[in-house]
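Consider the two complexes below, in which chain A is the common component and chain B and chain C are the respective partners.
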Partner chain A sequence: MATKVTTPKPDQLVTSIDFTPPKTGWMDTPTIIKPGTFCWGAKGKNLATVEFPNARDWNPSDQDWKLPENWQEIFLKGMEDLLGKYRSFKVFMDICVRCGACADKCHFFIGSGDPKNMPVGRAELLRSVYRKYFTASGKMLGKVAGARELTVDVLKELWYYAYQCTECRRCSLYCPYGIDTAEITIMCREMLNLLGLNTDWISGPVANCYMKGNHLGLEPHAIMNSIEGMIDDIETVTGVRVNPSFNRKGAEILFVTPSGDLFADPGTFTCMGYLALFHELGLDYTWSTYASEGGNFGFFTSNEMAKRLNSKIYAEAKRLGVKYIIGGECGHMWRVLHQYMDTWNGPADFLEVPVSPITGTRFDTAKVLKMIHITEFTADLIKHGKLKLDPSRNDDLVVTYHDSCNTSRGMGLLDEPRYVIKSVCNNFYEMPENTIREQTFCCGSGTGLNASENMELRMRGGFPRANAVKHVKEKHGVNMLANICAIDRATLSASMDYWVPGVRVTGVHEMVANALIMKGEKERETNLRGEPLPGKEGN
Partner chain B sequence: MAMMDFQGKQIEVDDDGYLLNLDDWTKDLAEHLAKQDGIDLSEAHWEVINFLREYYKQYQIAPMIKILVKEIGKAMGPEKGNTKYLYELYPGGPAKQACKYAGLPKPTGCV
Partner chain C sequence: MKILIPFFAVIALVVIALVGAQASHALFGIWIPYAAVLIFVFGFIFKVLKWGRSPVPFRIPTTAGQMKSFAPWIKQNKLDNPSSSLGVLGRMLLEVLAFRSLFRNTKTQLYPGTKLTYGSEKFLWLGGLAFHWSFLIIFVRHFRFFMQDVPYPIQIVEHLDSFLQIGAPLLYITDVVLLGAVTFLFLRRVMMPQIKYISLPADYFPLLLIFGIGATGVLMRYFAKVPVVSVKELVMGLLTFSPVIPQGISSLFYAHLFLVSTLLAYFPLSKLMHMGGVFLSPTRNMANNNREVRHINPWNYPVHVHTYEEYEDDFREKMKKAGLPVEKE
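== the complex of A and B ==
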């Protein structure tokens, strides 16, 4: 029967954080897999859909994880392969001097006090196995050299902590050696994947995306139905009926966004923002019901799976014959696009370097990828004075901006979103400088940890970000947390309700469309959410 | 995967208690699931459940609350097409609770 998991109240959670390390050494401190801090195991049918190994239903709270008999051999062979394939992984296994600079930079350590959640501690779980089987000193000296056997308990520990890391890379920023701890987690998850140790929240979207083109499993008519609903709502608010096209060959631009924008609030309001903006520009663009997902949960399983899911974006661009691609407000989507897509599925030599049809700006930064981020596109429009904006329509908002880990640390997109927000809102305040831009704190639930059964873990991991929001709420009256990531829009909504009630969450293009003066619009009474605009409350 | 014993039949459910197979659903089962949460299904509850099942048949996904509100409003009038009404019926959230009784899977992804 279903397991009931309860989440502690915020004050209980805060007082439960204890930074006193256990009396025993870390190798001798057993790991207990605690309800509320892990995700349900994958369903066998979802693993089978994408031909993942050891497809079966499994439950992490069961003693028996239904591993194949030779699981240890599979894991170590997988590790050997990855060490051979990725020089970076081998270097990261070898060079850490345990200085501890990363220790208190991790949101999960700050929110849990668990030493195995220090990035160095988490990596050590795997390094100890590496030493035992892949270094001479570890083979000979064992524990003295920091090496340990790969037992079932060690495997379970690796799994538990690989899913308490959101691969946000904040720790890497402070590492004097530049060790990318996210990559260690990525490798660890990839090895666990060889044993079918996936989670339901990740493998479900992966199977959906493989079969239907997007994480939510929206079929073409469901996508169109959802967007048609948005078209009606935009007309109600603005008096303008927008008319997007789908799967249209010969369009100049293909637009790809995470499916969360199509089917989950508040992402749908961001999506209405894109629709209104593109209509106002008369942009020659098309949606695709095939390449209907910008995000890539495959990236949280294995490199090969991520590549397979990513391939449809270029394939669809080629089929439709577009010139280039604009991508929506998504986080990990951009890490994947920016750092992997060209080598996986490129070269996109059938596309052109993006040129804005409105301003003539040539985006040479996207010379290889042929894909630009919508905030780059919109910032350029505003810079050239191509949009008529009335920021006073957003005067009820006091806004701060959360840098998504992937767009900030993963691709350096720091100023464009801020420029856009400041152009469409009069009240904007930054959170403290060690919590934004490259140093941003994770939402606490990225890399597919945004399930509901692990809510305690999510709220622990979301604590540092929420704490910075609380600071600007108290100091400046901030009531709106803007971001450019679909996972953020879903997860920060939950963490704000929990930690900082009264602060809501929005995508940037929702605010753009609210401020945008459209040709032929009626006098606006409400924003895209149907709430009265400032000064129109009595109407 | 978890099993639920109902009327002598073993029914597969996920770890949150959602049915794994839409075909296992019966009206009796919906009544039973609701009773576990202390809810007696009224005519008004059934209107929502029936709508959800119809929607799922057409779109293969549970609707967003926004769509649910809008469509219920269209079909049954504005006094029912609002979030407050639906939350009164389903205090655990119309999307989560009503979908569970309707036998629909819970949505996953960036939601």
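== the complex of A and C ==
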């Protein structure tokens, strides 16, 4: 596994994209698991930590995947179980007419040309197995009915392509029946997990999050250290020393954000943005080291695991006795919070309907979940004129905005972040309309695919997004890609360096804090990154 | 092979009907249609009930526009991201009657260099709409055979459908549109490499079958001119459960009827069930009001979690040293 995987250069990668399908039919075209396009296999100890079955070390590039003897039975039993639990799965297995509307909507297909990456193609990989074992016509007619046996090679193919889907739901937008490949991938990954076929990049964070409260495995003191470093940096830039609290009982609000914000640039700058904003408002809030993860890599393994990780948020809110929860900038975190959390771990009847202590706005649209998105909170503040802002401090930035897949197609949070961005910076340009809002393209590395060994696949998947950024860079001189997602902040940086050098990546609240005029601040010379503000370059 | 198998299957069906009807009018005129309708009705119901047996554990609409936000100054897209039942109804009607999602369709093109474009691509939407609507109108027009007196609305439909006033009998526009749309959908499947690659025999078969139905229908109306009075007598006999086989009905009619019967019987077993399935699709038939209205998962069960107490036990000393409050000293 130590072998170095090289990623082709951008121009080589683009010329390698061929939309002509192979001569042989997809059932007869063997799948080759190619270095650079898959993540290392899970470590047994991580799977054992969360009590997953068939935990063992394994390597996807090995011939022998060390499958349990009755693997086929386990897989099919799992499939039967999921068909009984999810109407979505059953209906989506039955009603596709293969019209092909989804085909060229997938970023992995656009970046690879591989027909098994057309959403319909990826779904057919599993549908063919469904037909063979769960429909009369498939049992009787076999291949003529589009059915095939579940062999080890088929299993490997299912694994390979279940980890070439970021569950972004773009295909489901165009499907006349709303068939959602995310749903199919979720089911497929859950079945694969019954056989211990997880990846290191997902199972490691899951085990960390379960034991230590966050994906990165930051222990309580490490979280505090990390934030203390940010406090120093904020003081250097603004002259104001912010003073957050941790695990504090009786605070009004619990704040939860993805742990990526605590760890690496540019996420840390976003985190500094939250800290500065909350301090300026005098918000009565607390961080938690136990519920120190907003994201949920469990969602990329099984429904049960996702629920187990998510349970900490409400449990901690209850223990600390807060009134409600604010969530930071993260994509899949908000799909999970918005569409799953209350159903899993609610009702949160120990919490209250969120009310902004600054504006008095009651967030009735979150009256059951009791959790609001930070851009909702900030948009409301700005609308009420509660923030003193100097957008000219962001005048060196020419900004465009990347909608996260999950907040767009699994929630519909589109105009709130835009309102915030436009209030804090003067130069904002949208990317072409077929690549933003509900039609947004994935960063290419969601759902736990953002491992470095997977770089070629990530750059292929990131191509459509990067290409739209390139367009506005050339047209308007865009040099900053704003987003509200921790995975984006980590992965779009890599994708921009590869595809559109010169464009950097930022969270929205980094720009908010840069524009925010704080009480008692000194004359600012630099932004949160320590770079000179526009007009201060000579100092 | 993927095309030839369904092609010969449809040819075989026509031959079976032409030959078979000579042997037994009753079988092809009475018993097979009865059986087909039974299979269709019960098969359809069975399939929908089978889907319905699986619950919808989570509320997972695909949101396609701005959500209902915390304040009205952010304008909601009520049809593409509905938050109420009325909105969902609107979204579903738009989907079923106007193919809203297909209307969004784009075509991705990669030009030399690295230029990617996503132009509007409305042909699939147009072809699909033409096909389904003309099929529906033709079906409705057939009610003149199913009722003793032709109701006024049916007469209006017939009148509008033939407003071009071409030929005798008057040409129905939908006849042309249906055959044209089926041909388009078939050619599209054969000529677009990606679509061809994923097409199964089960995709070609219904298209060819429906072409056969349309073609035999057109032959009967405009060319072979079957005796309409006798056909109506047969159909009314079937509907009143007193079947009769009138004299003088040609084999062509039996071929038409047999293909229709095949379509009905095939329907519940096939992808054609998208007709029912679209209404049950959780990404389209649910309101995006997740944070406002509780959704219950009927199989939600308690799970093993790592509690705060266990966490504190793991890190108590480190927490105390860092100055964090602890529950147990």
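Throughout what follows, the second predicted complex is superposed on the first by the 538 of 539 C-alpha atoms of A that agree within 3 Å, B and C clash if a C-alpha of one lies under 4 Å from a C-alpha of the other, contacts with A are read in each partner's own complex, and residues count from 1 in each chain.
Basically, a residue touches a chain if its C-beta (ideal position, glycine included) is under 8 Å from a C-beta of that chain, and two chains touch if they have at least 3 such contacts.
Just so we're clear, the structure is a prediction, and the values are computed from it rather than from any experiment.
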item: Fit or clash - chain C, chain B, common chain A; value: fit
item: Contacts of A:V368 with chain B and chain C, given as first, second, both or neither; value: second
item: Contacts of A:A515 with chain B and chain C, given as first, second, both or neither; value: neither
item: A:H221 touches, of chain B and chain C: first, second, both or neither?; value: both
item: Which of chain B and chain C A:L194 touches, first, second, both or neither; value: neither
item: Touched partner set for A:Y86, first chain B, second chain C, both or neither; value: second
item: Of chain C and chain B, partner touching more chain A residues; value: C
item: Which superposed partner A:R248 touches (first chain B, second chain C, both, neither); value: second
item: Touching partner for A:V503 - first (chain B), second (chain C), both, neither; value: neither
item: Once both complexes are placed on the shared chain, angle at chain A toward chain B and chain C, C-alpha, multiple of 10 degrees; value: 150
item: Partner chain in contact with A:G204 - chain B first, chain C second, else both or neither; value: first
item: Shortest span in Å between Cα atoms of chain B and of chain C, once chain A is used as the common reference; value: 10
item: Overlap of the chain B and chain C footprints on chain A, listed as residue numbers; value: 219, 221
item: Complex contacts: residues of chain B adjacent to chain A; value: 1-4, 13-17, 20, 58-61, 64-67, 70, 107-111
item: Chain A contact footprint on chain C (complex, rising order); value: 5, 47, 50-60, 62-71, 73-75, 77, 80-81, 95, 99, 101-102, 104-108, 110, 113-116, 118, 124, 128, 192-203, 269, 271, 273-274, 277-278, 280-284, 288-297, 299-300, 303-308, 311-312, 314-315, 318-319, 321-325
item: Contact footprint of chain B on chain A as seen in their complex; value: 1-3, 40, 43-44, 57, 59, 200-201, 204-205, 208, 214-219, 221-222, 225-226, 229, 258-260, 263-265, 267-268, 295, 297, 330, 450-453, 486-487, 489-490
item: Residues of chain A that touch chain C when the two form their complex; value: 10-11, 14, 17, 19-21, 25-26, 51, 83-92, 94-101, 103-105, 110, 115, 118, 120-121, 124, 136-137, 144-146, 169, 172-180, 183, 210-213, 219-221, 224, 246-249, 289-290, 303-304, 307-308, 311-312, 315-316, 319, 338-340, 342-344, 346-347, 361, 363-369, 371-372, 376, 379-380, 383, 408-416, 419, 432, 434-435, 437-439, 463-464, 467-468, 470, 499
